[in-house]
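Here the chain labels run A, B, C and D in written order, and each chain numbers its own residues starting at 1.
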(Lines give C-alpha, C1' and ligand atoms only; values in the text may rest on other atoms or scores of the structure.)
Protein backbone atom coordinates (compact mmCIF):
# COMPACT_ATOMS: atom_id res chain seq x y z
CA UNK A 1 0.00 0.00 0.00
CA UNK A 2 1.32 3.41 -0.87
CA UNK A 3 0.71 6.67 0.95
CA UNK A 4 -2.46 7.55 -0.95
CA UNK A 5 -4.06 4.25 -0.17
CA UNK A 6 -3.13 4.47 3.49
CA UNK A 7 -4.61 7.96 3.68
CA UNK A 8 -7.81 6.73 2.03
CA UNK A 9 -7.97 3.83 4.46
CA UNK A 10 -7.58 6.12 7.46
CA UNK A 11 -10.31 8.44 6.21
CA UNK A 12 -12.64 5.55 5.53
CA UNK A 13 -11.98 4.14 8.98
CA UNK A 14 -12.91 7.49 10.49
CA UNK A 15 -16.13 7.53 8.46
CA UNK A 16 -16.98 4.01 9.60
CA UNK A 17 -16.36 4.92 13.24
CA UNK A 18 -18.59 7.99 13.04
CA UNK A 19 -21.34 6.07 11.27
CA UNK A 20 -21.16 3.27 13.81
CA UNK A 21 -21.52 5.72 16.69
CA UNK A 22 -24.63 7.17 15.10
CA UNK A 23 -25.99 3.67 14.46
CA UNK A 24 -25.71 2.68 18.09
CA UNK A 25 -26.68 5.87 19.89
CA UNK A 26 -29.00 7.33 17.26
CA UNK A 27 -31.94 8.63 19.22
CA UNK A 28 -34.56 7.91 16.58
CA UNK A 29 -34.99 5.30 13.88
CA UNK A 30 -34.36 7.62 10.90
CA UNK A 31 -30.95 8.47 12.37
CA UNK A 32 -30.08 4.81 12.39
CA UNK A 33 -31.28 4.25 8.84
CA UNK A 34 -29.30 7.20 7.56
CA UNK A 35 -26.21 5.88 9.30
CA UNK A 36 -26.77 2.42 7.82
CA UNK A 37 -27.05 4.04 4.40
CA UNK A 38 -23.88 6.03 5.05
CA UNK A 39 -22.08 2.86 6.07
CA UNK A 40 -23.18 1.11 2.89
CA UNK A 41 -21.84 4.00 0.78
CA UNK A 42 -18.57 3.85 2.71
CA UNK A 43 -18.49 0.12 2.11
CA UNK A 44 -18.96 0.60 -1.61
CA UNK A 45 -16.03 3.01 -1.71
CA UNK A 46 -13.85 0.76 0.39
CA UNK A 47 -14.63 -2.23 -1.82
CA UNK A 48 -13.46 -0.20 -4.80
CA UNK A 49 -10.40 0.80 -2.80
CA UNK A 50 -9.67 -2.83 -1.97
CA UNK A 51 -9.82 -3.59 -5.68
CA UNK A 52 -7.14 -0.95 -6.16
CA UNK A 53 -5.05 -2.34 -3.31
CA UNK A 54 -5.28 -5.90 -4.60
CA UNK A 55 -4.59 -4.62 -8.11
CA UNK A 56 -7.36 -6.74 -9.59
CA UNK A 57 -10.48 -5.59 -11.45
CA UNK A 58 -12.48 -8.59 -10.23
CA UNK A 59 -13.51 -6.91 -7.02
CA UNK A 60 -15.06 -3.94 -8.78
CA UNK A 61 -18.09 -6.08 -9.63
CA UNK A 62 -18.74 -6.53 -5.94
CA UNK A 63 -18.66 -2.78 -5.41
CA UNK A 64 -21.04 -2.29 -8.31
CA UNK A 65 -23.56 -4.76 -6.92
CA UNK A 66 -23.31 -3.17 -3.52
CA UNK A 67 -23.81 0.33 -4.80
CA UNK A 68 -26.81 -0.63 -6.89
CA UNK A 69 -28.56 -2.77 -4.32
CA UNK A 70 -28.01 -0.70 -1.20
CA UNK A 71 -30.34 1.86 -2.73
CA UNK A 72 -33.14 -0.71 -2.81
CA UNK A 73 -32.63 -1.65 0.81
CA UNK A 74 -32.57 1.96 1.95
CA UNK A 75 -35.70 2.74 -0.04
CA UNK A 76 -37.51 -0.18 1.57
CA UNK A 77 -36.55 1.03 5.04
CA UNK A 78 -37.56 4.58 4.18
CA UNK A 79 -40.90 3.48 2.78
CA UNK A 80 -41.66 1.59 5.94
CA UNK A 81 -40.88 4.54 8.15
CA UNK A 82 -43.00 6.75 5.93
CA UNK A 83 -45.92 4.34 5.99
CA UNK A 84 -45.63 4.15 9.74
CA UNK A 85 -45.91 7.87 10.15
CA UNK A 86 -48.90 8.48 7.92
CA UNK B 1 3.93 -7.88 22.23
CA UNK B 2 3.56 -9.79 19.04
CA UNK B 3 0.37 -9.44 17.10
CA UNK B 4 -1.67 -12.54 16.32
CA UNK B 5 -1.52 -13.56 12.67
CA UNK B 6 -4.25 -12.49 10.31
CA UNK B 7 -5.87 -15.90 10.20
CA UNK B 8 -6.33 -15.94 13.95
CA UNK B 9 -7.99 -12.52 13.86
CA UNK B 10 -10.42 -13.63 11.18
CA UNK B 11 -11.07 -16.90 12.92
CA UNK B 12 -11.78 -15.12 16.17
CA UNK B 13 -14.21 -12.84 14.37
CA UNK B 14 -16.03 -15.80 12.83
CA UNK B 15 -16.21 -17.66 16.13
CA UNK B 16 -17.47 -14.62 17.98
CA UNK B 17 -20.19 -14.10 15.37
CA UNK B 18 -21.19 -17.72 15.83
CA UNK B 19 -21.23 -17.36 19.61
CA UNK B 20 -23.16 -14.10 19.54
CA UNK B 21 -25.70 -15.63 17.21
CA UNK B 22 -26.12 -18.74 19.32
CA UNK B 23 -26.43 -16.72 22.51
CA UNK B 24 -29.08 -14.63 20.82
CA UNK B 25 -30.89 -17.76 19.70
CA UNK B 26 -31.05 -19.02 23.26
CA UNK B 27 -31.71 -15.75 25.03
CA UNK B 28 -33.88 -13.67 22.74
CA UNK B 29 -37.38 -12.95 23.89
CA UNK B 30 -38.86 -11.67 20.67
CA UNK B 31 -39.31 -14.05 17.75
CA UNK B 32 -38.08 -11.60 15.11
CA UNK B 33 -34.92 -11.01 17.10
CA UNK B 34 -34.51 -14.78 17.15
CA UNK B 35 -34.59 -14.77 13.36
CA UNK B 36 -32.01 -11.98 13.33
CA UNK B 37 -29.78 -13.93 15.69
CA UNK B 38 -30.11 -16.94 13.42
CA UNK B 39 -28.84 -14.80 10.56
CA UNK B 40 -25.86 -13.65 12.61
CA UNK B 41 -24.94 -17.21 13.56
CA UNK B 42 -25.28 -18.27 9.94
CA UNK B 43 -22.95 -15.46 8.87
CA UNK B 44 -20.36 -16.68 11.36
CA UNK B 45 -20.63 -20.23 10.07
CA UNK B 46 -20.23 -19.08 6.50
CA UNK B 47 -17.15 -17.05 7.35
CA UNK B 48 -15.70 -20.03 9.18
CA UNK B 49 -16.18 -22.21 6.10
CA UNK B 50 -14.60 -19.70 3.76
CA UNK B 51 -11.65 -19.26 6.11
CA UNK B 52 -10.71 -22.92 5.77
CA UNK B 53 -9.67 -22.24 2.19
CA UNK B 54 -7.85 -18.99 2.83
CA UNK B 55 -4.12 -18.53 2.87
CA UNK B 56 -2.12 -15.36 2.81
CA UNK B 57 -0.61 -14.24 -0.45
CA UNK B 58 -3.02 -16.28 -2.56
CA UNK B 59 -5.24 -14.78 -5.22
CA UNK B 60 -8.93 -15.31 -5.96
CA UNK B 61 -9.73 -18.54 -7.83
CA UNK B 62 -10.56 -16.74 -11.05
CA UNK B 63 -8.27 -16.90 -14.03
CA UNK B 64 -7.47 -13.58 -15.65
CA UNK B 65 -5.54 -14.12 -18.81
CA UNK B 66 -3.72 -17.37 -19.33
CA UNK B 67 -1.56 -18.36 -16.38
CA UNK B 68 -2.45 -17.90 -12.73
CA UNK B 69 -0.03 -15.60 -10.98
CA UNK B 70 0.87 -17.31 -7.75
CA UNK B 71 -1.14 -19.66 -5.57
CA UNK B 72 -4.94 -19.54 -5.40
CA UNK B 73 -7.34 -20.00 -2.53
CA UNK B 74 -9.46 -23.12 -2.37
CA UNK B 75 -12.61 -22.70 -4.50
CA UNK B 76 -14.62 -25.55 -2.98
CA UNK B 77 -15.56 -23.92 0.36
CA UNK B 78 -16.47 -20.80 -1.55
CA UNK B 79 -18.85 -22.74 -3.76
CA UNK B 80 -20.41 -24.36 -0.70
CA UNK B 81 -20.90 -21.01 1.03
CA UNK B 82 -22.32 -19.49 -2.14
CA UNK B 83 -25.25 -21.86 -2.01
CA UNK B 84 -25.49 -21.65 1.78
CA UNK B 85 -26.06 -17.90 1.69
CA UNK B 86 -28.88 -18.14 -0.83
CA UNK B 87 -30.51 -20.93 1.14
CA UNK B 88 -30.14 -18.79 4.24
CA UNK B 89 -32.34 -16.13 2.68
CA UNK B 90 -34.99 -18.71 1.90
CA UNK B 91 -34.85 -19.98 5.46
CA UNK B 92 -35.09 -16.46 6.81
CA UNK B 93 -38.12 -15.65 4.69
CA UNK B 94 -39.83 -18.88 5.69
CA UNK B 95 -39.07 -18.25 9.35
CA UNK B 96 -40.53 -14.76 9.13
CA UNK B 97 -43.63 -16.12 7.45
CA UNK B 98 -43.98 -18.59 10.30
CA UNK B 99 -43.58 -15.74 12.79
CA UNK B 100 -46.39 -13.88 11.05
CA UNK B 101 -48.49 -17.02 11.20
CA UNK B 102 -47.77 -17.46 14.91
CA UNK B 103 -48.80 -13.91 15.47
CA UNK B 104 -52.03 -14.54 13.61
CA UNK B 105 -52.76 -17.71 15.56
CA UNK B 106 -51.66 -16.68 19.06
CA UNK B 107 -51.65 -12.91 18.94
CA UNK B 108 -48.19 -12.63 20.41
CA UNK B 109 -44.61 -13.01 19.32
CA UNK B 110 -42.99 -13.02 22.72
CA UNK B 111 -41.42 -16.23 23.87
CA UNK B 112 -42.67 -16.25 27.45
CA UNK B 113 -46.26 -15.43 26.57
CA UNK B 114 -46.12 -17.94 23.75
CA UNK B 115 -44.77 -20.61 26.07
CA UNK B 116 -47.57 -19.98 28.55
CA UNK B 117 -50.13 -20.23 25.78
CA UNK B 118 -48.62 -23.46 24.51
CA UNK B 119 -48.65 -24.96 28.00
CA UNK B 120 -52.29 -23.96 28.35
CA UNK B 121 -53.10 -25.57 25.03
CA UNK B 122 -51.30 -28.74 26.01
CA UNK B 123 -53.16 -28.85 29.30
CA UNK B 124 -56.44 -28.38 27.55
CA UNK B 125 -55.63 -31.12 25.07
CA UNK B 126 -54.59 -33.43 27.90
CA UNK B 127 -57.76 -32.68 29.83
CA UNK B 128 -55.95 -31.21 32.81
CA UNK B 129 -57.63 -28.43 34.73
CA UNK B 130 -56.25 -25.08 33.59
CA UNK B 131 -55.80 -23.68 37.07
CA UNK B 132 -52.50 -25.43 37.60
CA UNK B 133 -50.68 -23.63 34.91
CA UNK B 134 -52.04 -20.30 36.00
CA UNK B 135 -51.19 -20.68 39.63
CA UNK B 136 -47.72 -22.03 39.12
CA UNK B 137 -46.59 -21.02 35.66
CA UNK B 138 -42.98 -21.97 36.21
CA UNK B 139 -43.64 -25.59 37.09
CA UNK B 140 -43.03 -28.13 34.39
CA UNK B 141 -46.13 -30.14 33.69
CA UNK B 142 -46.03 -33.70 32.49
CA UNK B 143 -46.64 -33.65 28.79
CA UNK C 1 -3.88 -4.44 5.47
CA UNK C 2 -3.65 -6.05 8.88
CA UNK C 3 -5.21 -3.15 10.74
CA UNK C 4 -7.95 -2.75 8.18
CA UNK C 5 -8.87 -6.37 8.73
CA UNK C 6 -8.87 -5.91 12.49
CA UNK C 7 -11.10 -2.86 12.18
CA UNK C 8 -13.57 -4.54 9.85
CA UNK C 9 -13.82 -7.59 12.10
CA UNK C 10 -14.32 -5.30 15.08
CA UNK C 11 -17.11 -3.43 13.30
CA UNK C 12 -18.72 -6.75 12.40
CA UNK C 13 -18.65 -8.09 15.94
CA UNK C 14 -19.81 -4.80 17.46
CA UNK C 15 -22.80 -4.57 15.16
CA UNK C 16 -23.60 -8.22 15.82
CA UNK C 17 -23.72 -7.33 19.50
CA UNK C 18 -25.89 -4.35 18.61
CA UNK C 19 -28.32 -6.69 16.83
CA UNK C 20 -28.95 -8.43 20.12
CA UNK C 21 -28.79 -5.47 22.45
CA UNK C 22 -30.56 -2.62 20.68
CA UNK C 23 -34.02 -2.33 22.20
CA UNK C 24 -35.68 -1.28 18.98
CA UNK C 25 -36.27 -3.98 16.41
CA UNK C 26 -35.98 -1.74 13.38
CA UNK C 27 -32.62 -0.54 14.67
CA UNK C 28 -31.64 -4.18 15.09
CA UNK C 29 -32.51 -4.78 11.44
CA UNK C 30 -30.31 -1.83 10.43
CA UNK C 31 -27.50 -3.25 12.57
CA UNK C 32 -27.87 -6.66 10.96
CA UNK C 33 -27.49 -5.07 7.56
CA UNK C 34 -24.29 -3.48 8.85
CA UNK C 35 -23.12 -6.94 9.94
CA UNK C 36 -23.57 -8.34 6.47
CA UNK C 37 -21.88 -5.31 4.93
CA UNK C 38 -18.78 -5.75 7.07
CA UNK C 39 -18.93 -9.47 6.34
CA UNK C 40 -18.88 -8.75 2.64
CA UNK C 41 -15.71 -6.67 3.06
CA UNK C 42 -14.18 -9.54 5.04
CA UNK C 43 -15.01 -11.92 2.20
CA UNK C 44 -13.21 -9.63 -0.20
CA UNK C 45 -10.21 -9.58 2.13
CA UNK C 46 -10.08 -13.38 2.19
CA UNK C 47 -10.15 -13.34 -1.63
CA UNK C 48 -13.63 -14.73 -2.14
CA UNK C 49 -15.24 -12.25 -4.57
CA UNK C 50 -18.08 -14.60 -5.50
CA UNK C 51 -19.14 -15.06 -1.92
CA UNK C 52 -18.68 -11.37 -1.23
CA UNK C 53 -20.97 -10.53 -4.10
CA UNK C 54 -23.64 -12.94 -2.91
CA UNK C 55 -23.41 -11.56 0.59
CA UNK C 56 -23.61 -8.02 -0.75
CA UNK C 57 -26.67 -8.75 -2.85
CA UNK C 58 -28.38 -10.62 -0.06
CA UNK C 59 -27.40 -8.38 2.80
CA UNK C 60 -27.80 -5.04 1.10
CA UNK C 61 -30.97 -5.66 -0.81
CA UNK C 62 -32.81 -8.78 -0.01
CA UNK C 63 -32.56 -9.60 3.66
CA UNK C 64 -33.29 -6.08 4.80
CA UNK C 65 -36.29 -5.79 2.53
CA UNK C 66 -37.76 -9.08 3.69
CA UNK C 67 -37.20 -8.30 7.37
CA UNK C 68 -38.63 -4.84 7.06
CA UNK C 69 -41.70 -6.02 5.17
CA UNK C 70 -42.33 -8.67 7.80
CA UNK C 71 -41.84 -6.19 10.63
CA UNK C 72 -44.20 -3.77 8.99
CA UNK C 73 -46.76 -6.48 8.68
CA UNK C 74 -46.32 -7.42 12.30
CA UNK C 75 -47.03 -3.83 13.17
CA UNK C 76 -44.90 -4.10 16.28
CA UNK C 77 -43.38 -0.72 15.92
CA UNK C 78 -42.28 0.40 19.24
CA UNK C 79 -40.68 -2.48 21.09
CA UNK C 80 -38.48 -0.30 23.13
CA UNK C 81 -37.41 3.27 23.27
CA UNK C 82 -39.81 5.19 21.07
CA UNK C 83 -42.67 2.92 21.89
CA UNK C 84 -46.07 3.70 20.55
CA UNK C 85 -48.73 1.16 21.43
CA UNK C 86 -50.53 -0.26 18.45
CA UNK C 87 -54.22 -1.07 18.59
CA UNK C 88 -54.38 -4.77 19.28
CA UNK C 89 -56.63 -6.63 16.91
CA UNK C 90 -56.51 -9.91 18.69
CA UNK C 91 -58.70 -10.83 21.55
CA UNK C 92 -57.44 -12.10 24.79
CA UNK C 93 -53.77 -11.28 24.57
CA UNK C 94 -52.96 -7.98 26.18
CA UNK C 95 -49.39 -9.09 26.75
CA UNK C 96 -48.08 -7.80 23.50
CA UNK C 97 -45.83 -4.89 22.55
CA UNK D 1 -30.99 -17.77 35.81
CA UNK D 2 -31.86 -18.85 32.34
CA UNK D 3 -29.76 -16.09 30.87
CA UNK D 4 -26.88 -17.14 33.07
CA UNK D 5 -26.96 -20.73 31.84
CA UNK D 6 -27.29 -19.52 28.27
CA UNK D 7 -24.24 -17.32 28.61
CA UNK D 8 -22.39 -20.19 30.23
CA UNK D 9 -23.27 -22.40 27.29
CA UNK D 10 -22.20 -19.78 24.76
CA UNK D 11 -18.96 -19.09 26.58
CA UNK D 12 -18.13 -22.76 26.82
CA UNK D 13 -18.78 -23.25 23.15
CA UNK D 14 -16.59 -20.27 22.34
CA UNK D 15 -13.77 -21.60 24.46
CA UNK D 16 -14.10 -24.97 22.77
CA UNK D 17 -13.93 -23.42 19.30
CA UNK D 18 -10.96 -21.24 20.24
CA UNK D 19 -9.08 -24.24 21.58
CA UNK D 20 -9.90 -26.02 18.37
CA UNK D 21 -8.34 -23.12 16.47
CA UNK D 22 -4.94 -23.92 17.90
CA UNK D 23 -4.78 -27.16 15.94
CA UNK D 24 -6.38 -26.00 12.74
CA UNK D 25 -4.07 -25.94 9.73
CA UNK D 26 -4.85 -22.31 9.02
CA UNK D 27 -3.21 -21.04 5.89
CA UNK D 28 -2.26 -24.50 4.69
CA UNK D 29 -2.48 -25.39 0.99
CA UNK D 30 -5.96 -26.41 -0.17
CA UNK D 31 -7.34 -29.87 0.33
CA UNK D 32 -6.70 -32.48 -2.33
CA UNK D 33 -10.01 -31.88 -4.05
CA UNK D 34 -9.31 -28.18 -4.11
CA UNK D 35 -5.87 -28.74 -5.54
CA UNK D 36 -7.38 -30.92 -8.24
CA UNK D 37 -9.94 -28.28 -9.14
CA UNK D 38 -7.30 -25.58 -9.20
CA UNK D 39 -5.02 -27.64 -11.42
CA UNK D 40 -7.51 -29.02 -13.91
CA UNK D 41 -10.82 -27.20 -13.45
CA UNK D 42 -10.26 -24.56 -16.08
CA UNK D 43 -9.12 -27.05 -18.72
CA UNK D 44 -11.87 -29.53 -17.90
CA UNK D 45 -14.80 -27.12 -17.90
CA UNK D 46 -13.61 -24.10 -19.84
CA UNK D 47 -14.78 -21.69 -17.15
CA UNK D 48 -12.34 -19.02 -16.03
CA UNK D 49 -14.18 -18.67 -12.74
CA UNK D 50 -13.30 -21.81 -10.83
CA UNK D 51 -16.08 -21.26 -8.29
CA UNK D 52 -18.56 -21.43 -11.15
CA UNK D 53 -16.84 -24.58 -12.34
CA UNK D 54 -17.35 -26.16 -8.93
CA UNK D 55 -20.93 -24.93 -8.54
CA UNK D 56 -22.21 -25.98 -11.95
CA UNK D 57 -19.90 -28.66 -13.29
CA UNK D 58 -18.52 -30.58 -10.32
CA UNK D 59 -21.49 -30.07 -8.01
CA UNK D 60 -24.27 -29.44 -10.51
CA UNK D 61 -26.67 -31.82 -8.86
CA UNK D 62 -26.13 -30.04 -5.56
CA UNK D 63 -27.13 -26.81 -7.23
CA UNK D 64 -30.28 -28.50 -8.46
CA UNK D 65 -31.01 -29.57 -4.90
CA UNK D 66 -30.38 -26.04 -3.70
CA UNK D 67 -32.80 -24.67 -6.27
CA UNK D 68 -35.43 -27.08 -5.05
CA UNK D 69 -34.81 -25.98 -1.45
CA UNK D 70 -35.28 -22.37 -2.49
CA UNK D 71 -38.44 -23.33 -4.36
CA UNK D 72 -39.72 -25.11 -1.28
CA UNK D 73 -39.00 -22.05 0.85
CA UNK D 74 -40.79 -19.71 -1.55
CA UNK D 75 -43.73 -22.08 -1.85
CA UNK D 76 -43.78 -22.43 1.94
CA UNK D 77 -43.97 -18.67 2.39
CA UNK D 78 -46.87 -18.49 -0.03
CA UNK D 79 -48.57 -21.39 1.69
CA UNK D 80 -48.11 -20.10 5.22
CA UNK D 81 -49.17 -16.56 4.45
CA UNK D 82 -52.08 -17.59 2.30
CA UNK D 83 -53.13 -15.83 -0.85
CA UNK D 84 -53.20 -12.10 -1.00
CA UNK D 85 -56.49 -11.08 0.50
CA UNK D 86 -56.67 -7.47 -0.49
CA UNK D 87 -59.97 -6.22 0.79
CA UNK D 88 -61.60 -3.76 -1.59
CA UNK D 89 -62.09 -1.26 1.19
CA UNK D 90 -58.58 -1.73 2.51
CA UNK D 91 -56.68 1.49 2.64
CA UNK D 92 -53.74 1.01 0.33
CA UNK D 93 -50.39 2.63 0.92
CA UNK D 94 -49.91 6.02 -0.63
CA UNK D 95 -47.71 6.26 -3.67
CA UNK D 96 -44.11 7.13 -3.18
CA UNK D 97 -42.85 10.64 -3.52
CA UNK D 98 -41.33 12.14 -6.64
CA UNK D 99 -37.81 11.10 -5.74
CA UNK D 100 -38.75 7.47 -5.25
CA UNK D 101 -40.86 7.26 -8.40
CA UNK D 102 -38.25 8.93 -10.58
CA UNK D 103 -35.43 6.84 -9.10
CA UNK D 104 -37.42 3.65 -9.58
CA UNK D 105 -38.07 4.48 -13.23
CA UNK D 106 -34.45 5.42 -13.84
CA UNK D 107 -32.93 2.52 -11.94
CA UNK D 108 -35.13 -0.21 -13.39
CA UNK D 109 -33.29 -0.58 -16.73
CA UNK D 110 -29.96 -0.12 -15.01
CA UNK D 111 -30.72 -2.89 -12.54
CA UNK D 112 -31.92 -5.19 -15.31
CA UNK D 113 -28.75 -4.59 -17.30
CA UNK D 114 -26.53 -5.13 -14.27
CA UNK D 115 -28.38 -8.31 -13.39
CA UNK D 116 -28.10 -9.70 -16.90
CA UNK D 117 -24.42 -8.79 -17.01
CA UNK D 118 -23.80 -10.58 -13.75
CA UNK D 119 -25.68 -13.66 -14.93
CA UNK D 120 -24.10 -13.79 -18.37
CA UNK D 121 -20.54 -13.29 -17.16
CA UNK D 122 -20.88 -15.80 -14.36
CA UNK D 123 -18.23 -18.07 -15.88
CA UNK D 124 -15.72 -15.26 -16.41
CA UNK D 125 -15.94 -12.84 -13.50
CA UNK D 126 -17.35 -13.15 -10.00
CA UNK D 127 -21.08 -13.45 -10.07
CA UNK D 128 -23.52 -15.80 -11.63
CA UNK D 129 -27.06 -16.94 -11.46
CA UNK D 130 -27.66 -16.45 -7.77
CA UNK D 131 -26.32 -12.91 -7.50
CA UNK D 132 -27.74 -11.83 -10.83
CA UNK D 133 -31.07 -13.37 -9.95
CA UNK D 134 -31.19 -11.35 -6.75
CA UNK D 135 -30.43 -8.18 -8.69
CA UNK D 136 -33.17 -8.98 -11.22
CA UNK D 137 -35.63 -9.60 -8.41
CA UNK D 138 -34.70 -6.26 -6.86
CA UNK D 139 -35.19 -4.61 -10.24
CA UNK D 140 -38.72 -5.90 -10.50
CA UNK D 141 -39.50 -5.21 -6.88
CA UNK D 142 -38.31 -1.59 -6.80
CA UNK D 143 -41.26 -0.20 -8.84
CA UNK D 144 -43.61 -2.00 -6.46
CA UNK D 145 -42.16 -0.03 -3.57
CA UNK D 146 -43.04 3.18 -5.35
CA UNK D 147 -46.47 2.10 -6.57
CA UNK D 148 -47.92 -0.31 -4.02
CA UNK D 149 -51.18 -0.67 -5.94
CA UNK D 150 -49.48 -2.51 -8.75
CA UNK D 151 -48.66 -6.13 -8.25
CA UNK D 152 -46.53 -8.72 -9.95
CA UNK D 153 -48.46 -11.33 -11.87
CA UNK D 154 -47.91 -14.51 -9.96
CA UNK D 155 -48.95 -16.69 -12.90
CA UNK D 156 -46.17 -15.22 -15.05
CA UNK D 157 -43.69 -15.65 -12.21
CA UNK D 158 -44.74 -19.27 -11.85
CA UNK D 159 -44.30 -19.89 -15.58
CA UNK D 160 -40.83 -18.34 -15.63
CA UNK D 161 -39.83 -20.35 -12.62
CA UNK D 162 -41.12 -23.63 -13.97
CA UNK D 163 -39.61 -23.05 -17.38
CA UNK D 164 -36.19 -22.22 -15.94
CA UNK D 165 -36.25 -25.30 -13.74
CA UNK D 166 -37.29 -27.44 -16.69
CA UNK D 167 -34.44 -26.01 -18.77
CA UNK D 168 -31.95 -26.83 -16.01
CA UNK D 169 -33.17 -30.41 -15.69
CA UNK D 170 -33.47 -30.71 -19.47
CA UNK D 171 -29.83 -29.76 -20.00
CA UNK D 172 -28.91 -32.29 -17.36
CA UNK D 173 -30.93 -35.02 -19.09
CA UNK D 174 -29.43 -34.08 -22.44
CA UNK D 175 -26.00 -34.54 -20.92
CA UNK D 176 -27.16 -37.86 -19.49
CA UNK D 177 -28.20 -39.00 -22.95
CA UNK D 178 -25.10 -37.70 -24.71
CA UNK D 179 -22.34 -38.35 -22.21
CA UNK D 180 -23.79 -40.81 -19.78
CA UNK D 181 -23.57 -38.44 -16.79
CA UNK D 182 -26.24 -36.15 -15.42
CA UNK D 183 -25.24 -32.50 -15.94
CA UNK D 184 -21.93 -33.38 -17.57
CA UNK D 185 -20.41 -30.45 -19.47
CA UNK D 186 -21.47 -30.41 -23.09
CA UNK D 187 -20.69 -28.39 -26.20
CA UNK D 188 -17.35 -26.88 -27.10
CA UNK D 189 -15.18 -25.40 -24.39
CA UNK D 190 -14.21 -22.41 -26.51
CA UNK D 191 -11.30 -20.19 -25.62
CA UNK D 192 -10.79 -19.50 -21.95
CA UNK D 193 -12.12 -16.08 -21.04
CA UNK D 194 -14.39 -15.56 -24.06
CA UNK D 195 -18.09 -14.86 -23.54
CA UNK D 196 -19.17 -17.87 -25.59
CA UNK D 197 -17.13 -20.49 -23.83
CA UNK D 198 -17.47 -23.15 -21.15
CA UNK D 199 -20.09 -25.14 -23.04
CA UNK D 200 -23.42 -25.41 -21.26
CA UNK D 201 -22.39 -23.64 -18.06
CA UNK D 202 -23.66 -20.19 -19.11
CA UNK D 203 -26.97 -21.73 -20.18
CA UNK D 204 -27.30 -23.41 -16.81
CA UNK D 205 -26.48 -20.16 -15.06
CA UNK D 206 -29.10 -18.28 -17.08
CA UNK D 207 -31.68 -20.85 -15.99
CA UNK D 208 -30.52 -20.51 -12.37
CA UNK D 209 -30.68 -16.73 -12.58
CA UNK D 210 -34.22 -16.67 -13.98
CA UNK D 211 -35.42 -19.20 -11.43
CA UNK D 212 -33.84 -17.48 -8.44
CA UNK D 213 -35.00 -14.08 -9.62
CA UNK D 214 -38.58 -15.24 -10.17
CA UNK D 215 -38.71 -17.01 -6.82
CA UNK D 216 -37.35 -14.11 -4.83
CA UNK D 217 -39.47 -11.53 -6.63
CA UNK D 218 -42.55 -13.64 -5.97
CA UNK D 219 -41.55 -14.02 -2.34
CA UNK D 220 -41.11 -10.31 -1.74
CA UNK D 221 -44.26 -9.55 -3.65
CA UNK D 222 -46.21 -12.02 -1.51
CA UNK D 223 -44.89 -10.42 1.65
CA UNK D 224 -45.84 -6.96 0.46
CA UNK D 225 -49.27 -7.78 -0.93
CA UNK D 226 -50.54 -9.64 2.08
CA UNK D 227 -49.16 -6.89 4.23
CA UNK D 228 -51.40 -4.40 2.48
CA UNK D 229 -54.43 -6.47 3.38
CA UNK D 230 -53.71 -6.36 7.07
CA UNK D 231 -53.08 -9.35 9.21
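Convention: a contact is a pair of C-beta atoms (placed from the backbone, for glycine too) under 8 Å apart; a residue touches a chain by one contact, two chains touch by 3 or more.
All values reported here derive from a predicted model rather than from experimental measurement.
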Higher-contact pair (C-beta pairs counted), A-B versus A-C: A-C
Approximate Å spacing (C-alpha centroids) for the pair subunit A, subunit B: 24
Computed distance of Cα centres, subunit C from subunit A, in Å: 14
Between subunit B and subunit D, centroid-to-centroid distance (C-alpha), Å: 20
Centre-of-Cα separation between subunit C and subunit B, whole angstrom: 13
Residue numbers of subunit D (touch at least two other chains): 49, 51, 118, 125-128, 130-131, 134-135, 138, 141, 216, 219, 223, 231
Contacts with 2+ other chains: residues of subunit A: 58-59, 61-62, 65, 69, 72, 76, 83
Numbers and ranges of subunit C residues touching at least 2 other chains: 1, 29, 45, 47, 49-50, 52-54, 57-58, 61-62, 65-66, 69-74
Chain contact graph, described as a line, ring, star, complete graph or other shape: complete
Parts of subunit D lying in touch with subunit A, wherever the complex brings them together: 93-94, 96, 100, 103, 107, 110-111, 114, 118, 125-127, 131, 134-135, 138, 141-142, 145
Subunit C residues within the subunit B interface of the complex: 1-2, 5-6, 9, 12-13, 16-17, 19-20, 25, 28-29, 32, 35-36, 39, 42-43, 45-51, 54-55, 58, 62-63, 66-67, 70-71, 73-74, 76, 79, 88, 90-93, 95-96
Subunit B - residues contacting subunit C, complex: 3, 6, 9-10, 12-13, 16-17, 20-21, 23-24, 27-28, 30, 32-33, 35-37, 39-40, 43, 46-47, 50-51, 53-54, 58-60, 62, 73, 78-79, 81-82, 85-86, 88-89, 92-93, 96-97, 99-100, 103, 106-110, 113
In the complex, subunit B residues that touch subunit A: 59-60, 62, 64
Contact set on subunit C toward subunit D in their complex: 49-50, 52-54, 57-58, 61-62, 65-66, 69-70, 72-75, 89
